[in-house]
Amino acid sequence: MMDLLSQVVANGILLGGLYAVMAFGLALVWGVLNIVNLAHGAFIMLGGYLAWHLYYIVGLDPFLGLPITAVVMFALGYVVQRGLLNLIVRGPMFNSLLITFGLEVVLTYCAQLAFSADFRAINPVYAGHSVSIGTVVIPVVRLAAFAVALALTVGMWTFLLQTRLGRAIRATAQNLVAARLYGVEPRHLYAVTFGLGIALAGVSGALYGTVSQINPYIGASLTAKSFAISIIGGLDNPLGVLVGGLFLGIVESLTTLYIGPTYADVASFGILVLVLVVRPSGLLGKAA
Amino acid sequence: MKPWRSKPWRIAALVLALAAAAGVPWYGSDVLIQFGINALLLAVLAQGWNIIGGYTGYPSFGNSVFYGLGGYGVGIAMVKWGLPFAAGLAFGVALAVIFALTLGVLVLRLRGHYFAIATLALSQVMAAIVSNVPLADRNIGLVLPPLNNDPFFYELALGLLVAATLCIYVITRSRFGFGLIAIRENEESAAVMGVNTTLYKVLAFTLSGIFSALAGGIHAYWITFLDPDSAFDISLNVKMIIMAVFGGPGTVFGPLVGAFFLSAVSEFLSSEITSIAGLFFGLVIVAAVVLMPRGLADAIRNMHPLGWRYFASNVRAHRL
Amino acid sequence: MSALLEVRHATRRFAGLIAVNDVSFTLDDGEILGVIGPNGAGKTTLVSLVSGTLAPSEGEILLGGRRIDRLPAFRRAHLGIGRTFQIMHPFPGLSVLDNVTVGALFGPGRAHIGLAQSRSEALACLEFVGMGAVANRRADQLSGPGRKRLELAKALAMQPKVLLCDEVMAGLNSVEVDEVIAIIRKIRDRGIAVLVIEHVIRAITGLSDRLLVLHHGEKIADGAPDEVLASPAVIEAYLGKRRA
């Protein structure tokens, strides 16, 4: 019984790490730019397809190809922000919800047209291998994904807190004038931030493709999960997002085991509502 | 003032439009009637959302819950308890009211997008719970007694829309409406000036829920089938928001116009360019948010003096 | 006879910071009480405690002998507490007149009066502060001085017994300041007790019957303006440690 429990918790942790990476991009864009990106999941999906093509068409291992995925998705995000989202940034915040919803519809349809609705997965040759820690069996691919997730968390944290650009981005969250003081033009800064967020989404999509299946429609539920994690963890804090992701992963795994798979969603969203009502700034965010 | 803008003319025009709409079952094709029912119910949902989202400023993603509760109210009452349709509708409304009162107090404490997300999460929870409740036949779905009378449903839906629009009209001229708008414009200030913000918000939420529930009940009986996924479908909530916002939130006719316009566009696109209909819909939304963020009603009002510069001025005002 | 407004040992803490520390004072009928102090002294927080925007961590607040510190803001408004905000918060999408109408509709807590009557009462308040002419303009189109007066008109429409003014003179030139002083005197003549937070010393000393000085959240002086301004503690705290 303990064995089963440890296995489930381990699964939850691995999954949670991946969820956290998904949520980073969303939390970054939301916390800094005040843009609620309902298309976030669609970008995750696109990242997954990019990695799939890199592997099956070009032959590039999905993990080795992550930097390329990141760069391409960054460019995409930069263009979207600079060309489109910058146009509505000073309007009512609700508009960012609407426009990103429209964007989600467009992206999903384009993906469906380009890639068809079939499920695909990225299965590198080592996909079937696993390592055992005690009685817990961990697929190598999931472990690698988790390692990448951890690395990204640390990287993000360092970037935002230590580097000049990172601090400029955080300053922008406070106000635009401060950003100018850092010598960076706001439109460019906004585009860079969004690009970063989308790069993260794309990378998480590539990782997701190795541990699960992708198709054009996975965007919506992944966006919802990313939201839940961002809020539960707290928007200002990369560490909080990681904790939120792990928390959600474990809760989902446990719920699936002890109550039933259909209740996994109830659990995660129920907790989201609880957190919102009791402590809207999240578990680790700054208190209101 | 131009004669056709004066009040008597406007009322005459409205009555004429209403009569034309009511007459559709007689002169319209079956397809038109069905399109009409769908569009009318969507318009009711948009108007319902308008109360809590447009006037009070709380963008609710939970109205699909009320819709689902209304549908299941009718379904359970008619299928499990053998009650007539009207009783089913009443039951659905009762469920919606209970939900709005108990959970509304909790989530209405949240502002802006947090409220939106909380209601979104609630709707997911409700969908999952209902798919596990035996009374609702779990995931298999409920099948209601068929009533093959589209004109009946059409007139019912039209009547509901008229009621909803009238309700909003009355609200805008009442103390209650003033309070809601004050809450939307500046809630803290409204509280300090004596508005009982919690009470008003809950009332607005409940009222909006009642209309959504009635729409859900009518829809359920019309298509005679009910399952959790389609009853609590979150995309329905998104649709009603888009229609209300596209048409003009916080106005009496805006959501109505938005609902009909977008329904017509969507219908046209589906019949002409089936495969990329949805794609165009998304593009329309993106363009609308950039070019006419205050909705269609506002655009129409300002097109005359400003022309194309209206769009440019919107972009200039909101761009970084 | 007990004072109209009484604050007893009011304290307000935020995580780690004590914004208002054991402050007690009274405000009598028809009195104008000036509140001064350096930036961050806790003046606005104190006003928020009285108006109900914030709840006190400790202490009691009484209006006409009745405790109000546990009541929500809108109830206190019904009982007669009116306030203006330092950072002006009009209802942006509404006209100037409709802004004030909200106060007339919801402030007094008496039986519901109709929209039309509220509007005419609101217009009267606007004219009282000299803004009748701009009644139909959108509130967010007003200039700074106009917004300040709008705040006053909104508070007046609630028929308050106590009016809390938070820096209604900030950013005004001396002519505008004199106009606001005149309006506040008119308000007092109507029987409303006024608490005025200000930085403009000249204005507040001429206007106030009494002065209250806050520093780091604590009351350091309370009395007639001349005495208070001459006290060494006040000079040191407020005017700096400069020697002539």
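By letter and in written order, the chains are A, B and C; residue numbering begins at 1 in each of them.
Criterion: a residue touches a chain if its C-beta (ideal position, glycine included) is under 8 Å from a C-beta of that chain, and two chains touch if they have at least 3 such contacts.
Values in this document were obtained by computation on a predicted structure and should not be read as measured data.
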item: Target subunit C, source subunit B, minimum contact steps; value: 1
item: Farthest chain (mean CA position) relative to subunit C; value: A
item: Geometric centre: closest chain by C-alpha means; value: B
item: Centre-of-Cα separation between subunit C and subunit B, whole angstrom; value: 42
item: Inter-chain centre distance, subunit A versus subunit C - centres from mean C-alpha coordinates, in Å; value: 48
item: Centroid distance [mean C-alpha coordinates] between subunit B and subunit A, Å; value: 32
item: Parts of subunit A lying in touch with subunit B, wherever the complex brings them together; value: 36, 84, 86-95, 97-99, 101-106, 109-110, 113, 186-187, 190, 224, 227-228, 231, 262-263, 265-266, 269-270, 272-273, 276-277, 280
item: Residues of subunit B defined as touching subunit A within the complex; value: 59, 106-107, 109-110, 112-114, 116-118, 120-122, 124-125, 128-129, 131-132, 238, 241-242, 245, 275-276, 278-279, 281-286, 289-290, 293, 315, 317-320
item: Touch list for subunit C against partner subunit B, complex; value: 51-53, 72-74, 77-78, 83, 85, 89-94, 98, 101-103, 105-109, 112, 115, 154, 158
item: Complex contact set, residues of subunit B against subunit C; value: 173-175, 178-179, 181-182, 185-186, 188-197
